[in-house]
Each structure stands twice: as C-alpha cells, then as structure tokens.
Amino acid sequence: MRIGFIGLGRMGTGMAASLIRAGHQVTVFNRSAGKAAPLLGLGARQAGSIAEACAGEVICTMVADDAALEALACGEHGIVAHLAPGTVHVSCSTISVAMAQRLTGLHAGAGQQFVSAPVFGRPEAAQAAKLFVVAAGAAPALECCAPVFDAIGQRTFVMGTRPADANLVKLSGNFLIAAVIESLGEVLALTGKAGIDAHRYLEMLTSTLFTAPVYQTYGDLIVAGKARPAGFTAPLGLKDVTLALQAAQDLRVPLPLGSLLRDRLLRLVAAGDDQVDWSAIAGLAAQDAGLPARPGPAASG
Amino acid sequence: MRIGFIGLGRMGTGMAASLIRAGHQVTVFNRSAGKAAPLLGLGARQAGSIAEACAGEVICTMVADDAALEALACGEHGIVAHLAPGTVHVSCSTISVAMAQRLTGLHAGAGQQFVSAPVFGRPEAAQAAKLFVVAAGAAPALECCAPVFDAIGQRTFVMGTRPADANLVKLSGNFLIAAVIESLGEVLALTGKAGIDAHRYLEMLTSTLFTAPVYQTYGDLIVAGKARPAGFTAPLGLKDVTLALQAAQDLRVPLPLGSLLRDRLLRLVAAGDDQVDWSAIAGLAAQDAGLPARPGPAASG
Amino acid sequence: MRIGFIGLGRMGTGMAASLIRAGHQVTVFNRSAGKAAPLLGLGARQAGSIAEACAGEVICTMVADDAALEALACGEHGIVAHLAPGTVHVSCSTISVAMAQRLTGLHAGAGQQFVSAPVFGRPEAAQAAKLFVVAAGAAPALECCAPVFDAIGQRTFVMGTRPADANLVKLSGNFLIAAVIESLGEVLALTGKAGIDAHRYLEMLTSTLFTAPVYQTYGDLIVAGKARPAGFTAPLGLKDVTLALQAAQDLRVPLPLGSLLRDRLLRLVAAGDDQVDWSAIAGLAAQDAGLPARPGPAASG
Amino acid sequence: MRIGFIGLGRMGTGMAASLIRAGHQVTVFNRSAGKAAPLLGLGARQAGSIAEACAGEVICTMVADDAALEALACGEHGIVAHLAPGTVHVSCSTISVAMAQRLTGLHAGAGQQFVSAPVFGRPEAAQAAKLFVVAAGAAPALECCAPVFDAIGQRTFVMGTRPADANLVKLSGNFLIAAVIESLGEVLALTGKAGIDAHRYLEMLTSTLFTAPVYQTYGDLIVAGKARPAGFTAPLGLKDVTLALQAAQDLRVPLPLGSLLRDRLLRLVAAGDDQVDWSAIAGLAAQDAGLPARPGPAASG
C-alpha cells in the first residue's frame, strides 16, 4: 500500500520503519529535514511537501500535540486541502477530543475519511512493531487502515465509529498510568519513611497483586530516582492529563483523582525543569514527607 | 507442629484448614462455638479457652481488627498471659501499626516472640493455600513460623525484623488496591458518559498495560455494578485506608491520594449501607457525572 | 462624558443607569432590543450598531463571557474596527486573562486603549452604584475612565498597568468566595450531623471571627437551602473557577483548593440543573454525609 | 466566687488574670511551679495539689490537648476523684469530641457537672478579657459558670446541652480559619506569580468582600512571610484539623477540604520545624508555584 507518513519523532520513526519493513511503499515528510535519513536508508521516499505525502491511499500523522496537527492538517497547504476524496487520514497522535471532532468534520466536509488511532507503547515498542493500537472511525475507513495497524502494532482495539472515542480512550489510559505513578509514589514515601527496603517492597508488590508491567516499569524508575533522560516528559504528561480533564469537563464528569494528578504534574513543571520524566511526581510525595531526594542519574548528570 | 488457631471467620477457617491438610496438629478456639465444626471434621481439636489454644509451639490469630486482637491478646485471660516463654504469636490480622508495636512490646516483656504475618488473598485463596504472606519479626521467630507460612500461602515475603513493618506493608497494599478502584471508577465514568462500551474498554485495558489481576477483578465488579455480596466491605476498606493514613500521620507523611480514598469510602458508608463492597466507590464517580446507577445483582437482590 | 455601553444584562443595566444618573451622555447597544427600554426612559440614546455605540470617548462592555466579548470586539463590525484612535474600551466583564491579553494587543495595534475593569457586587449593588471596581491599564487610559468608575462604584482599586491583571484579580476573588462556600458547606454538614442548630452556629461564626458579609450572605443561603432563583448560577461559577485554574496553569501555579472547587461545581452542573445558585455546592457536603436535602424554596417551587 | 484554675500557659494565665480582676477568689495549680508567680501577684492563691484546686464552686481547666486533660482529670489524684458532688468542671481546652463525651460520663457518674467552654481568641484577647466563649452543657451547670464566662470573654455563645457540641464547634472554627489561610495562600501564589503587588491586592480584598479580621490578620502574616514566632504552631493546627476529621469520621461526614488542610499541615510539620506558625501552609502554595520563599523575620532570625 502507498502510505504517506508525517511526524518523524522517536515514535513516528519507529512506526514508519515498521510500515516499510511490512512491505509498504512509504513516503515521509518532516519539517526538520534531517530526521528522514534513517528511513530513506530503509527504502522510504522523501516528499517535498505535505501535498506530496498525501498522494497515497493513506496518510498517517504522528505529531506532538493539537497545535502541530492543526498546522499540518488545516490551512491552504494542509492535508485536508490536498487529500483525494475517499482517502484516509489516520491520526496516531495523542490529541484532544475536541481536535479529533473538528478533524472528523473537516475531512467529512471534503469527502475524505478520518480515523483516530493513537497507540500505547514506548519508542522501543514502536521500533519493534509491538504497539497497541486503539482505533475508532467509520468501518470502511478502519478496514482501509487495517494493514497499517497490522504493520505497526501487536494488536488493535476498535473502540467504535466516532474517531474522538479512540482519543478519549488513549487519554484515559495515560490518566491511569499517572494514577499508578502517584499511588506508588505515596506508598513508597510511606514505607520508605518507616525504613522498609524499597526494592524488597516493590518486588513483593509486583510478584503478587500488581503484576502489570506498568507497576514494574514505573516502580523501578521511582526507586532508582531515575527521572532523566525522560521516557515521557512531565510537560507531555501534564498535557495529556489536562486534555483528559478538559474532555471530562466538556462531558460534565468530575475526576478528583485527575485533579490531583494535574496538580502534581503542574507542581513538577513549575519547578522549572521540562526535561524530567513524568514519573518524578512520585518524588513529590517523598519530598513532602521530608525524605531526602533519591539519588539517581539526575544527581550526577 | 502443634499450632493454636484463633479467629474462624472465612479467612481464618481456610487458613486453619490448610494447616491441618499440611499435617499440623491444630487446636482451634473461637468465641462463637459453631464455627469450629468443619475444622473439627478435618481433624482439629477444640480448645475450651485461649489458654488451651496457647499450648502449642505457635499461636496464630486472624481476627477483624485492633479491638478484637486486643481482647484476645491482652487482659488476664489473654494470649500474653498464657503463652509459654519462647513461644511465638503470629498475628495474621490486618491491624494498625501501633497495635503491632504494642504487641511486640508486650510479648517481649513476657519473654515471648511476636511475628506479624498479614496475608493478601480472598477467602478462596485461603481455602486453596494460595495466600501471599507478608511477614516481619526477629529471624528466629520467623524461622519457627516457616512451616505455618508454607502451609497457608504460595509465597512468603519477609519485610524485616520489626513486626509492624509487615502491617504497614499490608495496609499500603490495600491502599494501592483502593487506588486502582478509584482510578477505574473515574475512567469508566468518563468513557461511559462519552458512550464508549465499558466491556470493550476494559478488555483493552486488561489486555495491554493493566494486565494485573486486580484490574480484571475490580474492573469486572465495577462494570457489572456488582457490589453485593461484598468480598470486602466498605467499612473494612475504610478501616484499612484510615489505618494507613494514621500510620502515615504518625510518621509525618502526607498522602493526598489516601485522603481522597478515605473521603470516598466515608461517603459510601455515610449512605448507610455497611454491606456494600468497597469497589462501590467507583459508582460515586459515575453518580457525580450524572450517570444512572449501573444495574447489578444489587438491584434485584 | 459621552459613553457607549454594550451588554444590558442585570449588571450592565444597573451600571448604565448609574452612568446616566451621574450626568453622562450614554448610548446603549444590545443585541436583544427590548432590554434597552428602561434606560431609554432614563435618557439613554439607542445605538443601531456597534459602530454607533463607539462614537463617544469611552466604550464600556459588560457581557457574559469570552465568546460574547470576542463577538463584540473582533470581526469587521466589531469595536476594534470602529473605535477612534486614542479612545478607550473599558471591559467590565469577567473574562479570561488570555482574552484580556489578546484585546490589549488588538487595541494597541489599532492605536486604541484598553482597560480591564471587572467589578465585585450583585445586581442590586450595580443599581445602587455601590460596586467595587478593580481596574488595570495604562495610566492615561485609567485617568480617562475615572469618571466612569466614580459613577458606577463606591471605590476603585487600581491593580497596575497590565489590563489582564485586573481580570486575574477578579477571578481570584470569585475563587475566594467559592472557597468560603465550600468551607461553610463542610462545617455545616459536620455540625448539622452532630445535631447542632445551624442558625445558632452561623450566628456565632458571623458575630466573631467571620464577620465579612460574604459569610453572612452565603451562610444564610446555605442554611435556608435557597438555591433558586440563583444570584449567580453554578455554570457561571464553574466558568470563573475554570478560568482561574486556566490562568494558573498558564503561569504554572498548582491550586489544589481550586481543583476541589472545580470538581464540586462540575458535579453540581452534571446533575443537570443549570439554574441553581453556585452556593448549592454546599449541599453536596451535606448529601455526602447522608443528610437529607435542606428544605428550601427549591423544594416548593 | 471561688474558682480553681489549672493550666497556666499563655491563654490560661490571661484567663485566670481576668477572673481575678473580676473579683473572683482564684486558686491556681500548675505542674510547672514558676508559671503562677504573676497571678499570685494579682491575688491568686496557690494550690499544692489538684485536690486543693478543686475546693471551690467551679474548677476551670485550660490545657494543651486530650492527653494533658486526661492526666489532670482522670486517675486517683485527678479532678473527678476530688470534686465535690454538684460542683462544675469547666473545660476551656480545645479537646476532642470523644474526650468531652468521656468526661461528661465520668463527671455524671461521680455526681458532678461538666461543661465544655472552649474559647476563640489569641493570648492578647485572653489578657484583655475579650475572648469569645462557646459553651455547652446542662442548663444549671451553664448558669453556674456564667460569672466565669462574663469575666473572661466579651460574649458567650451557648450551643446546647451536650458539652461535646461546644468542642465540635470550636474545632470547626479552627477548620474555617485554616481554610481561609489555604485560600489566601493559593490566590497570593497565583497573583504573585503574575507579578501583582501583594499589599495592594490584599488591601483590595480586605476593603471589599473579605473584611473579617481573620483575612487581615492572616493576610498580613502570609505576605510578610512572618511565620515566627508562632501565634499558633503548625502541630497545634494539625492537631485541631485532625480532631475535626476524627469527629467527622465518627459521624460519617466526608470533608474533602479538611483532608486538603490536613495534608498541608502534615507536610509542613514533616519538614521538621514544629515552631512555625500554622499560617506557613500558605508558603507551600507559593513554593509549589516555583516562587522564592518570602523574606520574613524567619530568614533573619
């Protein structure tokens, strides 16, 4: 299949590579030219404009936020202006529900199709084609994208026919991860101040009731005090929790735990370091307990 | 080994049965006489007093709360008064850190040994000898109890030499479970009000990042609106979260998520129904979103 | 002075009347024509367009929210397009910090002046020219507006030269009022469930430490269960607390009490009644305590 | 009237002096002997034991907490053991609801009377006989105490016949003050980070909607960063908020704002300085916003 791909950050590069490896003909476009090099080496073609990237059957976008996607999709040189009728725009970015709804309308108005397909997984999972894809959109559009999803992920979960539902589900997933981080941060502050060994404690948790990888991954990061380099930065975490709360407010759904998570992340970024991993909110619980900062690569870096 | 066992609720009965099946000579005592019958059928002996139950090498207690254990252990007819020097009292109840510290002192003063060994697992796990045991105490005392732990559980985690540490760890574990319930309650209210199918949503979560059994178990309970019969009642959940917060206050550790959980459970019990499962706090998030109550066995029962 | 006035809700009508009574020549404009009648009776002139209302030395606006002010001020038929250079737009509406910043830029770009002057006070205070004016803007512009402020208010507080500062101060004031409501709601739930007489309790509070009118006013509303007709509706309260939190997030300032207030107001509007007074959040504390709803005009109306 | 007085801290000394000045015959007792000297100079008599202090018609106690009052009142050398039948014990201390209920029972069992009469006011108000007295107890007992209340306070508020109600009201009052501090701390962090002058801002608040002395007093302390010497220390504030939450839990009343206040105070004391004024929780909001600590006497002291 001929697939355009825009957005070559760490996630996007891995996903585009997976598409190429699966045998698709991939045309990439990125505002920062240098990022395409590794993919060109794998066989990708380079587009000189958004319009060129839109020439295939599907155009995939994987960018940082609403503003970046708006810049790509809207405006006279954007995707909506250049996509052929019937063609599908698959947005894999973690964007707002409102933006997904707006794009759904814009593409429909232009006789095009829009699918939201945000993914769960870190850059390593993107490279290994092991992402989880959460997709929503009209059935024919989803069918059209199936080869894309098969190439980038280990499993696809279809959430329904409204694209924005996939975005809400993705945001809620990040919300749940942040809740795990906060809860671990609090119990580790409590048991830590009592003098209980953190590794032994964490091993018990992850061997019994909390066997999900998310507890292991974040538990290790917290205990090691390893907030740098960030796998997912605090400002991105704040963005996603804020988007979840915004969607919730639009739907009139109070989320008190969400409010707590937002306040924690906001406090973290207020301290001025935007490069810290979002798991560093766990350190705030320790700090408020009067515990010394955990030594970590951060201290030496 | 000759083991005394006091506290024949659903958990205690299962644990005592496991001890008998493992070949130990078990003498049971319970204030409500009838509860011992099934164990006598398995070969247990019945003690006529606490003192008689204390005649073996180890005395195990598994009761509801601090007050129940205080009534058993202290006072002129209590365990401390009757246990032979060197003998071990293993407390498996979920009690406060302060009570564990007090018992540690009382037993030490009487030349006896005290071990805290609270367990994770539901009554079915107790019956099946599949509990997880979290133990703390002096090394010789723990060694003495090893056959007990082997008989009742699938794995034992030693937390250190201070018995109260095991209690704090147990309380923190229930805290983490409550956090999972609250976080699921909030995302299910959010996605539910958006019209996303709860079963499909939950299946996605538990197939990807949240594979731990605790998400499956509580997710199912919440989606089914199945708060009765309670596996663990709201007042018990409130008790444990309150004990965690009390221990945290004594150590000067603020736990804002803990405060949220306490307020949720308190609101649940304020509604007047003490027989509801603690997972019903998830319904509060739905209620606050203006969603109708989930139909469940509760409605028809 | 020749003053244009746009926005004839309950607040705006009272303010415009005060301007007329103070001897100013007031030209009013309102999208809903009928609202101007009482003011025409007092001597106001009716403008047929925004442009006509902009013909004086100052144009005052008092509308519901950002969207309403944007509709008035921006666009080809808007205030910015028609105001003469050097003329002042005084915005008395409770709008966002971001909108005030945007208007500051737009007016400056057009060689005009912009002043933010939100007010504290209920419609009765507007009628009686007893508002408190919180103003910010460049000194010459503020000087120009002094007669306006003198006519509508009992006192003016200048917050500085950046118009948006006055908006932030106004939002923070509504935040503080909401905090008073929440705190009263919680202590009244607590003492009420203990069986203490609410009137006697409130009289003690407002005679001793909490003599500010805000405690008396909201205390009476809460105890009477009088949430209708609303003096200030829950959706407006939610809007203002949300704007305060939004400004705080832009500045990276966590406000945990603000988060609590937002969640309370969101829960109130999720129940579906947009006509309820924002003080009804106090009833949520009572409800969560399992207390019966306070009888009030609402019940009988 | 012959009045015994026990508890000569700063508050108690002022109250006892007021009683003497009003013409009562006051017998004082204090565990730390030196504290009585100023009162002896005013005409007080010194008791050599609790029993001696109990010889009058009324015995007043004003001590730090439950434990101190329990030590005074219970036990074989305590007040309950020595008070003549029909005599009144007036407890002015800020104690728990549970302790007041217990003392009510103990005194009734001994044929004595018990009145709770906690006070609002700082030590200066105690010296000036300007306290506010919140009293509850049986009508005859209250009548008996009227001369005491008249002597120490500017006004007495009778809350009912159950002594513990007065204690709950007192705790709720401190809760409300803490809420004022927190809300001021948050808005001052917000407006401060925006660059708005704190003095001008505070003057506006306290001249308009928030004229109660509590806003002026705490606003000034916060803006000045004056947390030392403490008028009321953080551990005492934490004690009172905790007692309010404990009473609320016993009554099954969730208080989410109370939980926030408790967490703030707990964080403050976790930092290790027990001599700081409770108003220093306002500094936490500023700290979380990334603002520098306010210079204050603390920095130079």
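The letters A, B, C and D name the chains in turn, as written, and every chain counts its residues from 1.
To be clear about the criterion, a contact is a pair of C-beta atoms (placed from the backbone, for glycine too) under 8 Å apart; a residue touches a chain by one contact, two chains touch by 3 or more.
Keep in mind that this is a model prediction, so the values were computed, not measured.
Participant: Counting residue numbers used by both copies over all numbers at the interface, does the chain A-chain C contact come out same (over half shared) or different (under half)?
Facilitator: Answer same: the two copies use largely identical residue numbers here.
Participant: Counting only C-alpha atoms to place each centre, which chain is farthest from chain A?
Facilitator: Farthest by centroid: D.
Participant: Express in whole angstrom the distance between the two chain centres, defined as the mean CA positions of chain B and chain C.
Facilitator: 52
Participant: If you average the CA atoms of chain A and of chain C, how far apart do the two points sit, in angstrom?
Facilitator: 39
Participant: Report the inter-centroid distance (CA atoms only) between chain A and chain B in whole Å.
Facilitator: 37
Participant: Do you know which chain B residues sit against two or more other chains?
Facilitator: Those would be 248, 252-256, 260, 267, 270, 288-290.
Participant: Can you check the complex and tell me which residues of chain C touch chain B?
Facilitator: Touch list, chain C to chain B: 256, 267, 270-272, 288-290.
Participant: Help me check something: in the complex, which residues belonging to chain D touch chain B?
Facilitator: 242, 248-249, 252-256, 259-260, 262-264, 266-267, 269-270
Participant: Considering the complex alone, what residue numbers of chain B touch chain A?
Facilitator: Touching chain A from chain B are residues 97, 120, 132, 134, 155, 157-160, 162, 165, 168-169, 172-173, 175-177, 179-180, 182-184, 186-187, 189-191, 193-197, 200-201, 203-205, 207-215, 244, 247-248, 251-258, 260, 285, 288-290.
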